[in-house]
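In the two complexes below, chain A is the common chain; its partner is chain B in one and chain C in the other.
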Partner chain A sequence: MVTQVFEEISPADFFYRNRDIAGFTNPSRAIFASIRELVENSLDAAELAGAPPTIYIRLTYGEGGLESGVYRLRVEDNGVGITSRHIPSAFGQVLFGSKYKLKQARGTFGLGGTMAVLYGQITTHKPALIVSSTGSTKVYKYRIMVDIQRNRPIILERKILINKDQWHGTIVKFSLEGDYFRAMPKILEYLKQTALVNPYANITFVDPKGRLYKFVRATTKMPPLPKETLPHPYGVDVETVKRLMQMTPHRNMRDFMIKHFHRISEKIAYKFLEFAAIPRGKNPKRLGPGEVVKLVQMMKRFEEFRSPSASCLSPLGEELLKAGILKELKPEFIAVCQRKPSTYAGHPFIIETAIAYGGSIPKKTDFVLYRFANRIPLLYDEASDVSFRVIKSMNWRRYKASPDMPIAVLVHICSTKIPYKTVGKEFIADRPEVKREILNGIREAARKLRRYLSKQEHVEKEKRRLSVFSKYLPKIAKFSTELAGKERQPDIQKLLEIVNQVGRKESRK
Partner chain B sequence: MVTQVFEEISPADFFYRNRDIAGFTNPSRAIFASIRELVENSLDAAELAGAPPTIYIRLTYGEGGLESGVYRLRVEDNGVGITSRHIPSAFGQVLFGSKYKLKQARGTFGLGGTMAVLYGQITTHKPALIVSSTGSTKVYKYRIMVDIQRNRPIILERKILINKDQWHGTIVKFSLEGDYFRAMPKILEYLKQTALVNPYANITFVDPKGRLYKFVRATTKMPPLPKETLPHPYGVDVETVKRLMQMTPHRNMRDFMIKHFHRISEKIAYKFLEFAAIPRGKNPKRLGPGEVVKLVQMMKRFEEFRSPSASCLSPLGEELLKAGILKELKPEFIAVCQRKPSTYAGHPFIIETAIAYGGSIPKKTDFVLYRFANRIPLLYDEASDVSFRVIKSMNWRRYKASPDMPIAVLVHICSTKIPYKTVGKEFIADRPEVKREILNGIREAARKLRRYLSKQEHVEKEKRRLSVFSKYLPKIAKFSTELAGKERQPDIQKLLEIVNQVGRKESRK
Partner chain C sequence: MGEKNPENDVSAAVKKKKEIVIDLESFGETLYHQMEQGEFPWIKMPSRSTENIYYNPELRQYVLGERKVKRSTRNIRHIRPFTQLVWTAFFAHQLSHQRKTSTLRDVYYSAQAYNMSFKDQSESDNVITDLETVIGFAREDFNIFPEERSAIFGDLTIEYTVPGYEGRQMNMTSHPDGLMIGPALTYSEFVKTSADKVIAIEKGGLFTRFIEENVHKKFNALLVLTAGQAPRATRHFIRRLNKELALPVYILTDGDPWGMHIAMVIISGSANAAHLRGLTTPDAKWSGVWATDIVDYKLPTDPLTEVDMKRLQELQRDSRYKDEIWQREIKTFMKIRKKAEQEAFSRYGLTYIVDEYLPAKLEESA
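So, the complex of A and B:
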């Protein structure tokens, strides 16, 4: 009889063997995924630095030219930079990252940058070059590879340079197999939408043919940084509570509840502990496993916890959203709406919607939908996304809109935990609370669109009416003159002036 | 200026935070995923033992009864069992498994059993009980939990019992939060389809209400075990070749190529090394990084490697496929087809198709599609699967079939690497080679269906014709007798007999 043979693999090895999961499915998708992961890291880093992001992306052919299918990718930013000792692991180790706090962030899995480097290594066997400084007197330059079987970085070279201009930022440069021309439309769409939803960012991209794409910032104004937040009782599970108990410095349940959870006052802590039949003075480390389970069950049932506050979130805001849309879509009309904060499963979220109409918005067989989450664009699997379903379910005729009109609908959700359905962050799952907010947000914007379209109709009607006047008034004047046997026509200029004035007034309403 | 804060998380922690990726999305889906992972482990283990699998699944309410939403799941099998020292890690550590060889296998990611235990732990904070023996004199019983932050098992208890009946197998028992009644249809469908594609397995399931579902084996005949195979040059990348070079005991490239790759003879090895301009006597460990990259590129370009052989694969075979379909679907007619082996990206695969018609097959608005890969059913995301697209693209009228007829189409792919699109193993990606084989396989079965349907039509026609005879022959006899002025009618019994004989002959064709 055969026995089973067991072995252990590292997480790097796991993602090496299953890179599809992280979006690195084929050469075309991989180039797109690499660029997006690095750009999102750069945006986060620049915001931490409090500086409007300036990002340069350069993609060139590798040594073999176009036929080799190998490219060199270089991404430079002006972010906070990475301290020297963390650089190798930040890019050379999977599951090592800065995105494990409970905070609104673009990246979620701590995979991104390393997956890109890993993919490059697998396909070209070349090392990656990382240059970074936090603005100190030194700039650090590393040449690294990933030891996949051990999930550890291999430092091939380390240099220290003098930081002349007090530069801070990060440069990542590596080779990878790719298919740029297949990926190009998606990459350009991604950069354009990123520029839209981050209108304070300068993004410059030079492609292998030397073509320059520049997305210039419309403003230097930035939304406040998202803040880290404490977990809400509705959003924790036994494992999380167990960890909090293991590391808490507090020795009684009253302090444990107040200090480790979101928005719990002494009054509410006492009420809850009574509800859960747990003494307020009990040491958290003395709770048995069964009691921890019961505590968490009670947390879900207790109805008097305050809703999660959204003060930790950082939505774009109506002004910036408008600026971004104007910059990238150049419509004739924009309606924006920011919903009040809401929650799902103990996580706060805010929905922002917008409708753009006319101008440079193209007419298609249906509305164009732009989807964003924590200020990154979502480009795949539109039909599976909750926003798509909401739009399909609405009766647009009551808003005077129809699919053949030049209309774009934008939905942005920001949250401490975006309900993504997949690791590739392609689309948002169908949570009822989220769906409801998106629906109401789009309706609000749609009502503003309707008012605009009604007014446009009215203005058109007026214009037509007035053009009839302008056309026939002179004739009427002439005929009347003849009929009356007069010689001189009345002065209709004044009348026409009044008519035109009325027309202009109507337009301005 | 804020600095970035970094931390490292373990793979168990990663999958704890992102359990959606592995299919543990919500309580209903989690119960389904747990059952499927354990059943698939059990089937693999029994086949290794060379024994027709006998699997018992028992799902009961936890302590709180129906309202608590907590269940106890127990799965027992008669497989090879797990050696004592591996038991804790096999269920208490993520990325520790037996599925990392290049072989046709049900599980692919080495996550399954541990994810189920992990999910149970997260939702109920209770340990898992594992009992196993390889048939030796001892049976080992472990009570374990997962240390998520360190990705290590925590052994709470270990017992050794005497193995009285030389039993071999594994029993897994743990608690989990779930929603059985929502999951029930999918679970039952899964078990039925698993019984179909593994007709030599006995599967017994008792649900929380005590209802018994028994899927009895139709045969004890089993297909030969899949064999481990060497990688094919078309299917390797630089990382794989690098690892082979690091661990190879062979000191020249000739032996390296012949011993580590699939179907390379000395003649082909020499031809290839010449093509790649690498001396046949060179020590593999002496190749520089650039040379390894070039070697892999040359492997992709060399056209004289022999196609991967499918002898390592273990398809079901037409007889077993028919037995399974008959057992579970009870149709009036079955057509099966096993395609010749083919390859994609250096991996061999075999497609088996079947069409079942009539009998207990229900009539729906469209054909029912059953999808299998390496003898496991795929139940989700049908519309994204390549088989679904193939069926939609076919012109069924030329096979005398239409969507309102009681027809089921089955597609089974077996391979050393199933081109899944996601970790949850929900559907197969759209690879051209695979798509072509599926199309041709379904066409072959459809042609057999057409012959059957034509014959049925013909038989129906004959029957109608003969029934007309049977109806009018007596009348004609009577009238003729009267017309001829005779008294006695001719004996038409013989004629009717002949007519009926002809009818029966036609039916049998």
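So, the complex of A and C:
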């Protein structure tokens, strides 16, 4: 008889075995994913500190040189830093994080940093070095490894240094196996697009050959930080409600609804409880399992909840989006559009779109599409993304645009929960609410583009017009002078000025 | 010599030249003045659109109606042809001044020397027609000639007026191939002739046959080769022979709608030249080959094509063709659905056309 052996694995072990879920599929993806995860952590940390991010990334060959395929990665930021006691867990424990809150953030798995360190450890078996300070008098330096089976950090070394100049930030340094040269185009594209959508960040990257890539901030203005928010009743499931019931200090359903859910007034709480046929004074801890399921079902059916507020979102804003596009794409014309907040399944979201035209935008056989989610660029699986389909479905001739023109379309979605289609988190799903907002956003930008192109057309026409007049009028003057036997040619400058003025007047219309 | 009329005046050609030079200059002055006044130069000229072309039964030719068009350089669509027009006037003025002539093709190329571009020759030809309309004279009068040349043979003495040949006289029998009706002949003065009629012939082969057969002597005629559709210089020349020397004109063409129309253009002019006078010979006669001749002389024929039939229907409605003889011939063509070339008479021997057909036809049309 065969006996089945059951064993429990730790989260770290799970991700060790399924590292492709987190994007660490192969040496080239791994090096890209490591940089990406750490850069995103750094951006979040700096924004939390309220300072424009300054991020330094250094990738060098490991001891064996290029042949070994081992690199050393160092990412340094000026973020809020991590308190001493949390440093080991932040980088040595999978699913330990500060982002399990309902507000817009770049990462949500709490995986990023640890996953990079974990990947480095399993490919090189070397510890990671973490240096961090919150701006206090001390700087903490840890050398750690991950105990994969137990999902616990192993502290190899801990040092405390004096923080003379009140430095705050985090430095992460570790070894990993990778293939930089295959990953290079994606890394550079990623950094460029990150710089575009975070125009207030300074990002410096030195690659293994010593080449320096600098992305300089165009502004120090940053979008306001998102506020933490309560879950909206449309967006919760049974598990979430059960957890809330276990931890709640409130003893009746009225307070439970008002205090734990988003934008519920007393009046609405009463109305809902009546709708759900649950006594308002009932103790939430006393609800039976069937009643909890029913409560959640009724929440989805009740139509009078107010839609979620967008204060938990932090869109870039039209001005910053423009600044980012201008600095990284150098186009001739930019149209941006920020849509009003909207919701899908109880999750608020905001769509920002932009169209950039001409200048350094390359002419290709199709528009260039840049996709962003919570201020991070999405680089893979473009054709599966909802934005790609929206662009394909539009009749661009109406906007005087065609795919062979130098046009870039940008779509940024901000949400407490980005509707990714897969765990790879590379493309946005076809949610009707999201799709409609993207379509309207692109249309609005496209209308601005059309106005610009028509104006350009007119200016061109006027230029041609003036050139026609300045080509022929002097000839008429010359030949009539000769025919008339006059010595001096008539003054035609006045006439040319009239042509010019008429042109200007018309283009202003 | 015929009776005295302006066209008969010896100095008429010279006078006309002077008039044209003055017209060209005042055209330039008008534009110059407009520009000095801060105006975009403009002109008004008779419209040459088909709605403004009428048949004038008194003049027996097409004329332009009252409608005028304004061409202004204020309008971007007008400025290029306007410039071309001014240049052409300038160029024509230079030609007259230097007493040189130019062909239409030449004009097209000369323009390039002045950095004036014409898309093709038809564009430059069109601008020349504009200048004719503005000035009111034919391009031959301002020394621009078409490429095609026709010829004359017979006892006519002329005196040249072109540079280098002034006062020199020439008899039109001095070359057995005939003399080309080019600019020099166009501007020549008629001195004397013994002929009492003009025979205009469509085709070179028959023209040569007539010279060989001494038709000019036997019939006391000047022979003019039109070489297909008569060029305007030739039409003008035939008119002068008719008006200045009072010679009746007989026209021999192929027996088909196209030959018929060659004769008609000599007689009544074309719609294309409605803006011009002095190109028609209303008293000239079409002597053949008629449709009825094809029947009467049992000539070898070809069937009329679809295009021929369509052309006949057009001519039938044309006001120039309203006279009975034309209507009769058109109907006969349509009935027999056959056509014959001038050479068809050769079936009766080489001299038959001269010995039998021509005397009969001249008698008939006179």
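Methods note: the second predicted complex is superposed on the first by the 493 of 509 C-alpha atoms of A that agree within 3 Å, B and C clash if a C-alpha of one lies under 4 Å from a C-alpha of the other, contacts with A are read in each partner's own complex, and residues count from 1 in each chain.
In this text, a contact is a pair of C-beta atoms (placed from the backbone, for glycine too) under 8 Å apart; a residue touches a chain by one contact, two chains touch by 3 or more.
If you're wondering where the values come from, they're calculated on a predicted model, not measured in any experiment.
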item: Contacts of A:494 with chain B and chain C, given as first, second, both or neither; value: second
item: Greater chain A contact set [chain C / chain B]; value: B
item: Partner chain(s) touched by A:480 [first = chain B, second = chain C, both, neither]; value: second
item: Contacts of A:6 with chain B and chain C, given as first, second, both or neither; value: first
item: First, second, both or neither for A:206, with chain B first and chain C second; value: neither
item: Partner chain(s) touched by A:18 [first = chain B, second = chain C, both, neither]; value: first
item: Partner chain(s) touched by A:93 [first = chain B, second = chain C, both, neither]; value: first
item: Which of chain B and chain C A:459 touches, first, second, both or neither; value: neither
item: First, second, both or neither for A:135, with chain B first and chain C second; value: first
item: Touching residues (chain side chain A, partner chain C) in the complex; value: 465, 468-469, 472-473, 475-477, 479-486, 490-492, 494-495, 498
item: Contacting residues of chain B [partner chain A, same complex]; value: 1-11, 13-14, 16, 18, 20-21, 45, 48-50, 80, 82-83, 86, 89-90, 93, 95-98, 100-101, 109-110, 121-126, 134-135, 148-149, 168, 225, 237-239, 242-243, 289-290, 292-293, 420-423
item: Complex contacts: residues of chain C adjacent to chain A; value: 24-25, 27-29, 31-32, 35-36, 38, 40-41, 73, 76, 79-80, 82-83, 86-87, 89-90, 93, 116
